[in-house]
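A, B, C and D label the chains in the order they appear, each numbered from 1.
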Amino acid sequence: MKNIKDLTKKIIAFRDARDWKQFHNPKDLSLSLVLEATEVMEHFQWKNNDEMAKYAEEHKADIGEELADVLYWVLLMGHDLDIDVLDALEKKMKTNEDKYPVEKAKGRHTKYNKL
Amino acid sequence: MKNIKDLTKKIIAFRDARDWKQFHNPKDLSLSLVLEATEVMEHFQWKNNDEMAKYAEEHKADIGEELADVLYWVLLMGHDLDIDVLDALEKKMKTNEDKYPVEKAKGRHTKYNKL
Amino acid sequence: MKNIKDLTKKIIAFRDARDWKQFHNPKDLSLSLVLEATEVMEHFQWKNNDEMAKYAEEHKADIGEELADVLYWVLLMGHDLDIDVLDALEKKMKTNEDKYPVEKAKGRHTKYNKL
Amino acid sequence: MKNIKDLTKKIIAFRDARDWKQFHNPKDLSLSLVLEATEVMEHFQWKNNDEMAKYAEEHKADIGEELADVLYWVLLMGHDLDIDVLDALEKKMKTNEDKYPVEKAKGRHTKYNKL
């Protein structure tokens, strides 16, 4: 069964086999993160909600590949910068609770600094 | 101990408590993915490799928060679109093996379609 | 009266007065281009068409600032890379005519490679 | 001779001939802006300064096309939102002068809010 730890090991082994560490500074890694995130986004451009629902259903594998690409770079950057991203996410969820208290944020799409 | 499944549940509970599902179409979710990815990237702009190494060491928590934000949207989108992102990543790793054969890709930062 | 040529001169003079040329490699410049473009996009996130129309009317100056920021980096990159962007756009319009022939593209939001 | 006003007219005529106004809400337009900006950025990924200089010289037309694409959406958004982007840029240059006073910003790549 796959898990984050094993997938990260695979990603690093994949890189090392290709001798790509030499290119992997944080700036260029984060470019990949952005580029892959925009590829997810591109799937939904120009579509209204009905078109998106239909499209997402019919292109699940494609969209999954793009999300996987984003996750790939998250894990690789986490590895290189010695950041435990699951741990960071758990902590961030607590910050989010404070930034968006239920009583203020309920039913509103307002950014925390405008709430 | 945190894991992807539990974190995803937390994310969904956080959303539901705020009644935000109504705003969460895939297009707007993917915007968040992109916006958070660019926040990771912004940390490294204008810096050379030495400056980045120093900066990354000193701002581990900040960068971890941004990576966590990206992961947050990956997991939320995976949930909403009924995509198992770990499974998708495992599959994608196989695709990557084919796209970047070691003998061709070793030591080169060339995109697969130009190899 | 402002025009592209004079604005570009102003941008370069602004940079030179601050001795920033040393940081301006194309990669970091293009990061700015992306970061500013996402700031335009952020204005419209989570909003439906009616909310966007109202918002755009009420925040014309803010959105104008963000579009100006994007244009700033387009002009600066054009200058540094010795590219006449107006000329490039005129040429691109011809390419677009070929990529999206009226009879095929009319009323459809399909990418050229799928038409 | 091309100028911003004539190019904008061309862009709008191009759109109207294809009946694309119906898809052009600000959110989706800004997605294009971001997507084209990332295509500029992608040209420079993984390259060091020497590689970028060589690459930029050899791919001037390609990079010009991408910058033109960004400009295209800047002009189209400006048109639709009734924003004079040249005017907005002129105003922004004054704001920038205040945000980055020469004596503080000279030779430093620090963001204005950290100066």
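FYI, a residue touches a chain if its C-beta (ideal position, glycine included) is under 8 Å from a C-beta of that chain, and two chains touch if they have at least 3 such contacts.
This one's a predicted model, so the numbers in the text were calculated from it and none came from an experiment.
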Interface composition of copies subunit B and subunit C: same or different, split at half: same
Higher-contact pair (C-beta pairs counted), B-D versus A-D: A-D
Centroid distance [mean C-alpha coordinates] between subunit D and subunit A, Å: 26
Junction residues of subunit B, two or more chains touched: 23, 27, 31, 34, 38, 41, 45-47, 109
Touching residues on subunit C, where the partner in the complex is subunit B: 23, 28, 31-32, 34-35, 38, 41-42, 45-46
Complex contact set, residues of subunit B against subunit D: 27, 31, 34, 45-47, 109
Subunit C-touching residues of subunit D, taken from the complex the two chains share: 2-4, 7, 10-11, 14, 17-20, 22-23, 25-27, 30-31, 33-34, 36-38, 40-41, 43-45, 47, 49, 52, 56, 60-61, 63-65, 67-72, 74, 77-78, 81-93, 95-97, 100, 102, 105-107, 109
